[in-house]
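So, here's a batch of structures to check.
Each of the next two complexes has chain A plus one other chain: chain B in the first, chain C in the second.
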Partner chain A sequence: MDYLYSYLILAEIYVLLGLSTNLLVGVVGIFSVSQAAVFGVGAYIVGDCLLSGTLSFLPALALAAVACVLLNVLISLPSLRVSGDYFVVTSFGIQLLATATFTNWTWGTGGANGMPGVPPPDLFGASIESTRGILALTTMAMTLGCLAFWLILRAPFGRKLRAIREDELAVAAAGKGVLGAKVSAAAMAGAFAGVAGGLYATYLSFIDPSSFDLDASILLLTMVVVGGARTLWGSILGPFLLLALPQALTLLAIPTTYAATSRQLLYGGLLIAFALFRPQGLLGERL
Partner chain B sequence: MLALQLLVNGIVTGSALGVVAVSFALIYATTRVFHVAHAGVYTLGGYLAWSLMRHGVPAIAALLVAMAGCVVLGSLIQILLYARLERRGAAQLVVLIASLGALAVIQNLIAAIYSPDILNFSAAWAGQVVALPGGLRLTGAQIATVVLDFAAFGATLVFAHRTLLGKRIRAVASNPFLAEITRLEPRRVHVYVMAIASALVCLPGVLGPLDYGLQPYGGVTPLLTATIAMIAGGIGSLAGAFGLAVAIVVLQNLALLVMPGEWSIGVTFAIFVVFMLFRPRGLFAGK
Partner chain C sequence: MSAYLEIAGVNHSFGGLQALNDCGFAIAEGGIACLVGPNGAGKTTIFNVITGFLRPDTGHVAFRGRPLDGLTPQAIVRAGIARSFQNLRLFADLTACDNVMLALPERAGETPFGALFRPFATARADRRRRGDALQLLDHVGLAARAADRVRNLSYGEQKLLTIARLLATGAELLLLDEPASGLASGALDQVMALLRRLRGEGKTLLVVEHNTRVVQQIADEVLFLHQGHLLAQGSPAQIIADPALAEIYFGGAL
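Now for the complex of A and B:
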């Protein structure tokens, strides 16, 4: 039962990350392999605040969200001005830089040894220690996130984002701001990733750089590609499916030293297969 | 004295990355694919040469066989992946995702076959230290690197400007549509370019690890530096890509005087941001 709960909690956190990546990759249409870095910044900020006791859970989560919004806007702003391929370089660069920072900035992140003992989340003074309580919290966060995503895509603003993907020039010619819309979408993606990071740090109570590296970013991208771009159901299906897959792999009795390798191999294979044969993913629209 | 040694080390490593940048620039200018999986081809070269040399194959023969292996891999990626996606009219984003998938597959297959950990790759001649005037010390591997990489760069320039195939490649790069109707067969040229660039990138892929050891995921950082050099040098300028790669690595090495090596990725990325903000076209861009 505990095992099922832990799967659900992690999957729900990854749904938030899937929404975040989907906003960038599916909606704005930029290739991103740095969402795990933003996720990590959120996790470390909440971890630091709670460990030092300067802020309680909700304000810390808000701080993480704001920081990640700023970070994501800062990352995407210069690249939105130039060719899309340049964003690939930015994205890889940010991810490698973030990993270097998480690993080497021992004072703020605990370095390669990680940050142990992050206290459990608390709401209005009451600490949530039971797995069930945390599951309720992540379910609430996921529902809010999904609702926000659904509303955004339905609103006139969402239609504008779709239109930009279809024909950017036409939108600009119709007098609508293109850059502003893209930056807003990137900002929302940052907020989702920041909140997910905070939930992740408080649930696991231990974080280390390996959860926020390039491989983690590739996993997030795979979730969006497999689930499907630009739809709510795609963003929910992807994380639930891909977090269940490693469990299926354990049935194959692969030695533990090769567990991570075989998982990444599978994700790579999925990326190629979906790009070739089903670019719209299982429940999404065409990328 | 330390500064001089760092400067020389920078030129040595820079010439290796220069060849990576030139090979990437050839592919990008001709096929318009941001070939992220090139990092995997680079890594494969080193591992192939390592296995051969461990079984007593002489270094030159091992290098040539490794090059052949890289040519096969690069051409297969072009034929099985990029050409198919192009025929289906896939969006640039989908091609990038497929390329990232290919990178993940190559890296993790290498990790599964050899080992996910760093492998020591050495040869007697490569470790020999030669003392030069001025207190400079270079290893055999470093001397081979600087000589062979500068030679490879020169040969590529001569090839691109003096040979029929080189001119054909440049014609396809400068105007794919015109190349199509004048029967230059762009699709076939794309395969040739991938083959040539894969052979080229194998050279630093084998020589670099003689200095630093082999790592399945070790191709990403060199490729990132190389792409930054290509963008800073100006898309379409091979000499620009090579020159900027040397300049960036020299700067990285000189930065070691004031800060520890873990942060050198930060230096590279800072250079990229400066170019993004002030001269996104690069220094020596063509039209």
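Now for the complex of A and C:
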């Protein structure tokens, strides 16, 4: 049972990350390969605040969200100037910078050894220790995130974001501002990633840079590609499916030494297969 | 009294190529003015300058006496000038209706804040917008295709849709870059009839057009651009009858 809960909690956290990535990459077309870095900043901020006791869970989560909003806007800014292909390169650089910081800034992150002992989340003075309690919390966060994503996509603002992905110049010719919309979308994506980070740190109670590296960013992109871009159901299905697959692999009795490698092989293979044969993903549209 | 749209002394070079060379002209309010000239004459470039997509090396543009120099494309649409593109630039993944709705003037609910915190008001406002958009689609004869994605429309339908999207901006001066090119005669007649109807509704149109038959049928006035410079301006009959212009226009072909 605990095993199932743990899967559900992580999948729900990754749905928030999937929404974040889908909004930025799928809807607006800002091809970021550094969403895991933003996720990490959220996780470390909440971890630091709770470990030092400076803030309780909700204020820490809010601080992480605000910081990730600012950070994501900042790192998306180059996309306003350089075109698609070049942005991938700058975004790649940002991810590397973040990993280097997480690994070497021992005072803030615990460095490569990680940050152990992050206290569980607390709400209004009561600490949530049980797995069920945390599942309720992540379910609520995911539901709110899904609702926000759905409301945005169906609104005129969502239409504008989709149009921006297709042709910024045509949006400008229609008399609409492009810059503000892109910044708002990046801000929302940042908030989702920050909250996901906070939940992740408090649930696992141990975080280290390997959860927030380039592989993690690529996993998020894989989730969007497999689930499908620009739909709510695609953003939900992708994380649930991709997190279940490694578990399915363990049923095949692959020796643990090969488990990590086989996971990478699986994700890589999926990415290629979907790009070639089903670019619209399972429940969405093509990236 | 100042002219409706006035362009004066515009120069612009791309690298070593002078695309606009002391380009200047004025058009009056109401009616259809056709901008003609050989390939590469600078017709699209002057559209880009007027609508703020290109900042010219020198020169000025004024609309109703108000200088437009340095304004963003967005501000120029608000001032009342909108343009279409030679290569359409429709949103291919969106429906015809969404393409038009996107161009309707901004109202509440277009911000993320409205979308998140006033969802019902936003949905209501959007239903009204959909009504407005359907009316515009009906106006150009595309009501039946409203829910279809643009990529599934025929080329002729896509051309009509660019005009509907242009009308959605509410602009009074419409710059159309080759709205009739590449159309078979049925669709061509449809577009010409639509342009005349828009004139009847009080819009002012500046239309780039290559087909002399079309120019003769719709133009109240013709402007002849050559090597980035306005060579002549007059009635269709005057311009088409001028042998020197015909020589430039048709070059070796005649």
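Please note the rule applied: the second predicted complex is superposed on the first by the 287 of 287 C-alpha atoms of A that agree within 3 Å, B and C clash if a C-alpha of one lies under 4 Å from a C-alpha of the other, contacts with A are read in each partner's own complex, and residues count from 1 in each chain.
We adopt the following convention: a residue touches a chain if its C-beta (ideal position, glycine included) is under 8 Å from a C-beta of that chain, and two chains touch if they have at least 3 such contacts.
Because the structure is a prediction, the values reported are computed rather than measured.
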Fit-or-clash call for chain B and chain C when the two complexes are aligned on chain A: fit
Touched partner set for A:Gly114, first chain B, second chain C, both or neither: neither
Chain B versus chain C as contact partner of A:Val89, first or second or both or neither: first
Included angle at chain A between vectors to chain C and chain B, based on C-alpha centres and rounded to the nearest 10 degrees: 80
Partner chain in contact with A:Gly133 - chain B first, chain C second, else both or neither: neither
Partner chain in contact with A:Arg162 - chain B first, chain C second, else both or neither: second
First, second, both or neither for A:Val171, with chain B first and chain C second: second
Partner chain(s) touched by A:Val25 [first = chain B, second = chain C, both, neither]: first
Touched partner set for A:Met188, first chain B, second chain C, both or neither: second
Chain B versus chain C, judged by how many residues of chain A each one touches: B
Which superposed partner A:Ile152 touches (first chain B, second chain C, both, neither): second
CA minimum distance (chain B, chain C), superposed complexes, angstrom: 8
Set of chain A residues, in rising order, touched by both chain B and chain C: none
Parts of chain A lying in touch with chain C, wherever the complex brings them together: 148, 151-152, 154-160, 162-163, 166-167, 169-177, 184-185, 188, 285
Residue ranges of chain A touching chain B (in the complex, touch as defined): 25, 29-31, 33, 78-79, 81-82, 84-86, 88-90, 92-94, 96-97, 100, 103-104, 214, 218, 221, 225, 257-258, 260-262, 264-265, 267-276, 279, 287
Chain B to chain A touching residues, read off their complex: 28, 34, 36, 81, 84-85, 90-98, 100-105, 107-109, 111-112, 116, 217, 220-221, 224, 227-228, 231, 260, 262-263, 265-266, 268-269, 272-273, 276-277, 280
Touching residues on chain C, where the partner in the complex is chain A: 51, 53, 72-74, 77-78, 82-85, 89-94, 98, 101-103, 105-106, 109-112, 114-116, 119, 122-123, 125-126, 129, 165, 168-169, 171
